[in-house]
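Got a structure for you, written out below as structure tokens; questions coming shortly.
Labels run A, B, C and D following the written order; every chain starts at residue 1.
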Amino acid sequence: MAELHVLYFAWLRERLGRAEEALALPAGVTTVAALRQHLIARGDAYAALAEPTVRVAVNQAMAGPATRVAPGDEIAFFPPVTGG
Amino acid sequence: MAELHVLYFAWLRERLGRAEEALALPAGVTTVAALRQHLIARGDAYAALAEPTVRVAVNQAMAGPATRVAPGDEIAFFPPVTGG
Amino acid sequence: MAERARVAVQTAPFDVAVELAALTAGRHDIGAIGSFVGTVRDSAGGRRLAAMVLEHYPAMTERALAGIVAQAGQRWPLLGVTVIHRVGRLVPGDGIVLVLAASAHRAAALGATGFLIDWLKTGAPFWKQEYFVDGTSAWVAARAEDDAAAAAWATVPPPAR
Amino acid sequence: MAERARVAVQTAPFDVAVELAALTAGRHDIGAIGSFVGTVRDSAGGRRLAAMVLEHYPAMTERALAGIVAQAGQRWPLLGVTVIHRVGRLVPGDGIVLVLAASAHRAAALGATGFLIDWLKTGAPFWKQEYFVDGTSAWVAARAEDDAAAAAWATVPPPAR
């Protein structure tokens, strides 16, 4: 299935009004940076993803802008963690 | 009373065969170093006090060779501490 | 790797005595146990706190905690590690997090305890939202000093084993 | 100075849960509690240990412990400190020493915990005698690394309050 499973946490979840969504992998999107730009381009609440502190995990591991994304991946966006 | 109360702990107590003794302050003894030499000069088991690691406390506070001793003081000799 | 490693994320309170007993039961090679308990304070930024809600990313939390515990086990000769992090609604005085690290000697036990809590604060996907007595609420902001504390470990060579 | 300071030398076991509860009872300003538990190991220098006997210098112990706790309170903004040291005969698995340090934040709690146990090992008049399974016994020798650990604190500036 050519879908990404996208998750949002903490205040990102609140701003977007959703905790998760399924997303067809957009053509040409192969990295975290490209996916993030794609989502930001949706406008409105998605502009929150442009916040530079927002972190990304791919398949439950911290990811950088160049990390590859592929169909079936679980991509999570979230603010810096504040546990402990 | 011109007496010192002298205490020994741990292996010093065992070697000397006593945990404490009352000692008339010897003439001319006014420092920890002088008291220690006086006791070492007794010979036999008291030679253990010449062991350089042996520590001294005067009135329950750590003392150095130059610390003054006076009648009524409590002087303790002991090996380096090993609590905790 | 720690011989006994227990990692849990739970809504229920933790019992330090029970966890200590489980960590040390039947073991006579342990000489030192370091521990850290984090608790909810009743004020934050000068405002009175009514409650705190902790959210996490379950699938990632498990991996992150196991990874952090494994790293501690590579740095220090640990005989046991326990990490329990609570989620959900907590009130002032409640325990948030428990770290226990057991070793033969104190330097390893206390070093691992500090390492684990520093990394929990910066490397595990938990988020705190504070609810104040005045009716407002706010997500806790990450602190630069927490990142610095965790990053500092990268410059500390693992101790001699 | 810690708002709650409890120092005890006793033959009886200590109960970590009871001490934690006493330290934190009714307090909601505490955010972090560091702790250290030292226990008797079943071997020493490759020999099987049957028991350990701890001796101390009572009149001095009290002063030394109070002094160490006061020093910790000058270095860190502590909200409570508990130090319990056992004396008498202990067997493998028994607790020897308990240190608890409570503060608003973790750096103070863990820093004070490490400081207190380092100083307890070098500045408090306790002596351990080990009794081995083979019938021999020996006084524990002081370790140079313990002196170094305690002395290292003198080079660490007190943290900003």
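We take it that a residue touches a chain if its C-beta (ideal position, glycine included) is under 8 Å from a C-beta of that chain, and two chains touch if they have at least 3 such contacts.
From a predicted model like this one, the values you see are computed outputs, not experimental measurements.
Among the remaining chains, those touching chain B and also chain C are D.
In whole angstrom, the spacing between the mean C-alpha positions of chain A and chain D is 48.
Mean C-alpha positions place chain B and chain D at a centre distance of 27 Å. For the pair chain C and chain D, the distance between C-alpha centroids works out to 22 Å.
The distance from the centre of chain A to the centre of chain B, with each centre set as the mean of the Cα atoms, comes to 73 Å. Residue positions of chain B with contacts to 2 or more other chains are 84.
Shared interface positions of chain C, i.e. residues touching 2 or more other chains, are given as 38, 106, 117.
Of all possible chain pairs, those that touch are A-C, B-D, C-D. Taken together, the chain D residues at the contact with chain C in this complex read 15-17, 20, 24, 27-43, 92-93, 104, 106-107, 109-110, 113-114, 117, 149. Of all residues in chain B, those touching chain D in their complex are 7, 9-11, 53, 57, 60-61, 74, 76, 78-84. Those residues of chain C lying in contact with chain A across their complex are 38, 54-57, 59-60, 63-64, 85, 96-97, 117, 120-129, 139-142, 146.
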